[in-house]
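My questions all concern the structure below.
Labels run A, B, C and D following the written order; every chain starts at residue 1.
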Amino acid sequence: MARSSEVMMDAPQLMTFMREVFQQVADDFNVEEVKPNEVTIRLIVSEKHLRPGGTVSGPSMFGLADVAAYFATLAMIGPQALAVTTNCSLDFMRKPAAGVDLIATAKLLKLGRQLSVSHVLIYSEGMEEPVAQATMTYAIPPVKSL
Amino acid sequence: MARSSEVMMDAPQLMTFMREVFQQVADDFNVEEVKPNEVTIRLIVSEKHLRPGGTVSGPSMFGLADVAAYFATLAMIGPQALAVTTNCSLDFMRKPAAGVDLIATAKLLKLGRQLSVSHVLIYSEGMEEPVAQATMTYAIPPVKSL
Amino acid sequence: MARSSEVMMDAPQLMTFMREVFQQVADDFNVEEVKPNEVTIRLIVSEKHLRPGGTVSGPSMFGLADVAAYFATLAMIGPQALAVTTNCSLDFMRKPAAGVDLIATAKLLKLGRQLSVSHVLIYSEGMEEPVAQATMTYAIPPVKSL
Amino acid sequence: MARSSEVMMDAPQLMTFMREVFQQVADDFNVEEVKPNEVTIRLIVSEKHLRPGGTVSGPSMFGLADVAAYFATLAMIGPQALAVTTNCSLDFMRKPAAGVDLIATAKLLKLGRQLSVSHVLIYSEGMEEPVAQATMTYAIPPVKSL
């Protein structure tokens, strides 16, 4: 059966879920916007995300892409803490601007029973050209029938 | 110096270039549209591209993504037969429809002096959801100064 | 339940399977060696695989990596024509030598119930350094219980 | 001119370089072994690397793969703080074991003038099967001639 194209979790619900399940990193992110098959997430950049010279670190960008693609999936299927990233491909294209947040938009390109596939673009806030792109695949655990 | 955002090769010029440099495959492709940083290519699907059951083969889809990203690059920098693919990541998301052409749109996300990076979406003609996405990186040979 | 580490299809069985299911391309490949979680495949390079200058085309290298990873999976689970590639990442590192076959060795790094993941190295026959590497993921269709 | 196959930085030199250039994360890593075209790095797992349930986070695994591939490159070319990651593809294959360090081995498959390409396998210490694989590409800044 085809999945619904209706949003099942909105921005406040995704934030609540993050605070419950990923409390260590919940303060780093803000869900900016949720649309069908598309979610925008802000990385609130602080000292711990930086590398010398003020640029945002690679792991911080990976983490942002991961959260964006995960939430684009959860927004459509509801809270599933057990969904896991299986594959990620990242292109680092430009140096992030110093001292500004990063904004990631994840588009859900496929939502199957077992896998979701997204494309993510990451921008330094206020810049026109993306600093990175990512493709992310999530494995969705099978729903147990009762 | 920043690259120009003007198109340097239009659709007929790209077709002529393909017939000169890649004559073995030139009849398989048509350049549908060229815009700044975006090119749309058709794979004219014939017997040789198919797998049993009528679906388009993986190598044919790779070839289409490769041509689309290459032409998105050449459209902006002019004819450079020596640009080479260095990295490609492909997600195969849906089975292509039987008996129809594939349409790929490549968006150029970065055009640097040494590398270009693109994102490609491939559709079965007339279908709403993509069959595959690809990210492609090209190495651009250094221009000799005179 | 954990999968067995015993080979379920040997080289002649894989060749027979290829001739039955992928007859269009069966003459292009030879299964050189099958070990637990590792398969070596030869691409018998002919005119149709070449680009101007005598180098092997990108789609031909993709096709070789795809067959190698697929057969590394099938060797361990038996004939499953329905397993499909879901993700592939390719690094093109060197120009293949002109006029020689390509040899690919795929190592199976994970064989789960739903996914297999491999790493593939491709060499020009007789050369010491690889021309390409690939990572490949296959979705394995669920086995129907009786 | 071909690059040398001799190691230019050994384990203590790489550790010193990390403490100078990446002091925020230097205490998280230990260089275990350096061989020509191969480096092994330990991620000293602590609270900050964990997710609920005790598993190591995705960004921590990305960071480990990144350091391993970077140091495999630097070991052969000498200290180049300006080399930057341009592409990374990651397959997450198994859940890391709780309470143990991660060990990554990066093999340098290509070292060109402009790019290095590596393959990385990550293991939970003491486990036989890898938790993740990564392919990493670094852009090496041009050496200014005098």
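Note that in this section contacts are C-beta pairs under 8 Å (C-beta built on N, C-alpha and C of every residue); 3 or more make two chains touch, one makes a residue touch a chain.
All of these numbers come straight from a predicted model, not from anything done at the bench.
When the interfaces C-D and A-D are ranked by how many C-beta pairs touch across them, A-D comes first. A centroid comparison over C-alpha atoms places A as the chain most distant from chain C. The distance from the centre of chain A to the centre of chain D, each centre being the mean of the chain's C-alpha atoms, comes to 24 Å.
Separating the centre of chain A from that of chain C, both taken as means of CA atoms, is a distance of 33 Å. Note on chain placement: the centre of chain C and the centre of chain D lie 28 Å apart, centres being C-alpha means. Multi-chain contact residues of chain C (touching two or more other chains) are listed as 86-87, 89, 91, 93, 137. Those residues of chain C whose C-beta lies close enough to touch chain A in the complex are 86-87, 89, 114-115, 137, 139. Per the touch definition, chain D reaches chain A in the complex via residues 21-22, 24, 48, 50-52, 57-60, 62-63, 66, 84-93. In the complex of the two chains, the chain C residues touching chain D come out as 89, 91, 93-94, 109-110, 117, 119, 121, 129-130, 133, 135, 137.
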